[in-house]
Amino acid sequence: MTLKVYLSGEIHTDWRERIVEGAKGLNVAFDSPVTDHAASDDCGVAILGAEENKFWHDHKGAKLNAIRTRKGIADADIVVVRFGEDYKQWNAAFDAGYAAALGKSLIILHGPQHAHALKEVDAAALAVADDPAQVVQILRYVLTGGLPD
Amino acid sequence: MTLKVYLSGEIHTDWRERIVEGAKGLNVAFDSPVTDHAASDDCGVAILGAEENKFWHDHKGAKLNAIRTRKGIADADIVVVRFGEDYKQWNAAFDAGYAAALGKSLIILHGPQHAHALKEVDAAALAVADDPAQVVQILRYVLTGGLPD
Amino acid sequence: MTLKVYLSGEIHTDWRERIVEGAKGLNVAFDSPVTDHAASDDCGVAILGAEENKFWHDHKGAKLNAIRTRKGIADADIVVVRFGEDYKQWNAAFDAGYAAALGKSLIILHGPQHAHALKEVDAAALAVADDPAQVVQILRYVLTGGLPD
Amino acid sequence: MTLKVYLSGEIHTDWRERIVEGAKGLNVAFDSPVTDHAASDDCGVAILGAEENKFWHDHKGAKLNAIRTRKGIADADIVVVRFGEDYKQWNAAFDAGYAAALGKSLIILHGPQHAHALKEVDAAALAVADDPAQVVQILRYVLTGGLPD
Amino acid sequence: MTLKVYLSGEIHTDWRERIVEGAKGLNVAFDSPVTDHAASDDCGVAILGAEENKFWHDHKGAKLNAIRTRKGIADADIVVVRFGEDYKQWNAAFDAGYAAALGKSLIILHGPQHAHALKEVDAAALAVADDPAQVVQILRYVLTGGLPD
Amino acid sequence: MTLKVYLSGEIHTDWRERIVEGAKGLNVAFDSPVTDHAASDDCGVAILGAEENKFWHDHKGAKLNAIRTRKGIADADIVVVRFGEDYKQWNAAFDAGYAAALGKSLIILHGPQHAHALKEVDAAALAVADDPAQVVQILRYVLTGGLPD
Amino acid sequence: MTLKVYLSGEIHTDWRERIVEGAKGLNVAFDSPVTDHAASDDCGVAILGAEENKFWHDHKGAKLNAIRTRKGIADADIVVVRFGEDYKQWNAAFDAGYAAALGKSLIILHGPQHAHALKEVDAAALAVADDPAQVVQILRYVLTGGLPD
Amino acid sequence: MTLKVYLSGEIHTDWRERIVEGAKGLNVAFDSPVTDHAASDDCGVAILGAEENKFWHDHKGAKLNAIRTRKGIADADIVVVRFGEDYKQWNAAFDAGYAAALGKSLIILHGPQHAHALKEVDAAALAVADDPAQVVQILRYVLTGGLPD
């Protein structure tokens, strides 16, 4: 069994690296969005031409990013969505809803201060964790049956 | 043609009433989540028994609310999602993602200050508006071909 | 919103009647399997001819019952599955799995003594209750937002 | 043709090993749930934190196990479900129903004493056997056309 | 519960009339192909223009008939397929396969002399009968739980 | 049997009226896009605000029209697509492809001069006609089995 | 592009070998049912135990064969179905209908004497041929664009 | 992440070669229709026999081409559709509609003079470009996050 895991959400801390690093040796294939904030914001106009109106500037970029995001989620067995401390992060919640409707196994990662605001998202998940190390432990358990010592 | 419209998101202003009122006489069937904040938060424990742990208190409620939300979205032709001024509103973005994955026609309703943060959500929509009256005009146009004067 | 509810499982107590009675006045359409145990066991051979081998006797009946069960579950918004005190009730668990795979909203009804044995079934449910009156309260809440006093 | 086979159900005898051993040399990829009973029961709290309430203890574990079970069934061509002598085994029947709704080819494995109680499950199957060696023979026949001597 | 039943296959005896007549008073909506053999053969060229080549003559007709057949099967809960004494009746077997792939409940109606030749078709069915009266009894049982005296 | 028919494509002649008029008395529910050319072109900016860039002007309108088009096609049993003499009519061909992928019964309506250019579209259709009266005859035949005199 | 091709139907001539041989060097993966007539008829009882009643003898075998047939069709891009001179061949027509409902590309192979009886089956196909060499030519064209000299 | 990209539409310029060449080194698998115009027009009769009627000549060819086109689109993550200067190109728009209904990520490639006529097609796309080099940049960005200098 190979697990395909998509890592969605917060892009300002090293949680993806910690999971990928921790899962070394496990049969997991990771995918994620473009996490370079500036590139992600400007990709649309950089490739398809400038827009005077900021709305369409954003729109063109968001659609290019959707090519990658949709494929990443559609191909995944497990979608991990992390909510960080700052920003609205509506795209993270959107990805969670999108993945839930496709029947993907959801793991939501957030601190306890967000538990109430995320209750609908958590209710659709198979696991709610607050530490990336727990995601690694879940992947290890799912693949090998092994539990943390 | 009868349009089934689900009104998701912000529950602190009268935007739903304005749309329902404005659409009187049009062939539209509206649905929405339970918008009584207290009932929505406590329904799980009120019916299924108290929980000491707030996480499970919230969890039981969120799952009961999901019965209504899932049916409302699954039955809808159009899902309107409104983002208001306050709160995280991750459930609204979750609903938008869920509806998008099911191929529903999405209308997103928000003020211009949220345009950048909602760009991924807006990119999945067929219309982005900031006034409930525009939603009424869209429904009228879709059903009758009539435009505002 | 009309809720279509399929009542699966245990056929030896009056739980279905209690739910149907309690939900009077609510916009709910109920469906259920044939609950006449003898008819349900013998329908296959009564209509399609006797079998010497008990396995095929059962097989013909189970397939006729499947015509009704599959339609009932496929048409439902909510599938309620009750596990009683006696018997193996594997058909109830089978219905729960079938409904879960179709994305139906599941409500599981059982006494606390079965909680551990039913943990995988409960984990797929949006509500776990032990009293039919709670199912009525859920249906009322989902349809009207009203909570028990 | 490679057959992907998921082996669900009873975890107290060596039936999985007998099938995997017997199918050596055939083009079959096997998968199964975590069969370490203790790990399976406690994985949720071991990774995601202790729960005072046994229901939630079980719930967290059942959901983690669902990540593996759902993927195993979704990826499978054939789902074999074995019912043993003891326990309620509702999760086995749940898996059978889940697999049936997804249109998987079902093989049910059980002793004759369970035939009546399993008639609805058997009615959804393409084969009903009572010896793991028969499953091996089925896999060999499906892949090669060869029958037992 | 209303059952939608599509009556496919043999068009040279009055089996459809017998079922429809027998089911009077039951909550069943019947549908069937055009059973006027000449009209069914010639509809394509009668409406869309003559063809010199008999293959295309047949082709145009078969495609018009497919408009009705596909809708009839797609809308049905139950597809009854009758195989008569004469002709190849490949369209009947085609309809059975089409309905099976869509997950419809299949009832196959044929005399015992065809049992071996129809074994693959029968294996996909929930009931195999040889008398239209049995189909009526099945519909009555499925809807009311009542068995023949 | 009620047929739901969506009438897509050319908007400069009275072919829709001729079909609707001719089908009077038949059990058909018709739907179609907004056929007021000016309203269809400008609906986006009229409701959602002006755009300097003609591309986005068109884009907003096309998306509003998609709300109606998608629902019309998704709800239809039969999609009729007419190609007229003038214009590129890529939206008509797009609708035909969209309907084909959803498995709708397609009827293509065009003059013989377009036969070669439309061969891929025609190849996906169940009927190719050049006169709206033939569409009426098809609908009558599908519903009643009656052929033109 | 690799084409997965399932070869269904008649098992008394060497048409499968001719196609497989002719397609050597092309990027095609072939699959087919068990073509040993005796094994195919008796596999059920040989593995799962004898039946006194011939109907159940056949039934058990047909279901085991369905494991292979369903997978073969579900995995295929193209399903070729050949109708020979003799026998009812209802399983071939059933496979064609099953494949059509799944949206597979169908190629039907039969002599001209069967054209009228197969018109509904041919109407669902993308090609109708009478010589296995034509199937090879189709596969070559689809993969390479090359036509026969 | 490997992207599967289908290149549909105009066959008279070297845009496909430019994209394939430009994407060298990227993890992309390209597919496309047969682009030899004469072969594409005549494949049906060349393999399956001559037709006197040009309509059926075209029809047989269009159906053979559909085998490749459908698989190409069904397997793709991204469908690029190019509209050139000449011809009706209804097959290109048909492919775009077909791909949109399957939820594929669409990139539409055309000159600005076609923007109004293609507004419905563009409205379903995630990117609209006019230079094949932009498609290469999109593929590079989606796979690597890298933007053009």
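In order of appearance the chains are A, B, C, D, E, F, G and H, and numbering begins at 1 in each one.
Everything that follows uses one rule, which is that contacts are C-beta pairs under 8 Å (C-beta built on N, C-alpha and C of every residue); 3 or more make two chains touch, one makes a residue touch a chain.
Everything numeric in this text was worked out from a predicted model, so none of it was measured.
Novice: What is the set of chains touching both chain D and chain E?
Specialist: The common neighbours are C, G.
Novice: For the Cα fit of chain A against chain H, please give the angle of the superposing rotation, nearest 5 degrees.
Specialist: That rotation is 90 degrees, given to the nearest 5.
Novice: What whole-number Å value describes the gap between the mean CA coordinates of chain E and chain H?
Specialist: The mean C-alpha positions of chain E and chain H differ by 40 Å.
Novice: Using the average of all C-alpha atoms in each chain as its centre, how far is it in Å between chain A and chain B?
Specialist: Chain A and chain B have C-alpha centres separated by 23 Å.
Novice: Between chain A and chain G, tell me the centre distance in angstrom, where each centre is the average of that chain's C-alpha atoms.
Specialist: So the centroids are 44 Å from each other.
Novice: In chain F, what residues contact two or more other chains?
Specialist: 63, 66, 103, 128, in rising order.
Novice: Would you mind writing out the residues of chain A in touch with chain B in their complex?
Specialist: So the residues of chain A in touch with chain B come to 54-55, 58-59, 61-63, 65-66, 69, 83, 87-102, 114-124, 128.
Novice: In their shared complex, at which residues does chain E touch chain F?
Specialist: 31, 34-36, 39-40, 42-43, 46-48, 60, 63-64, 66-68, 70-72, 75
Novice: Once bound in the complex, which stretches of chain B touch chain F?
Specialist: 1, 3, 77-78, 103, 105, 126-129, 134, 137-138, 141-142, 145-148
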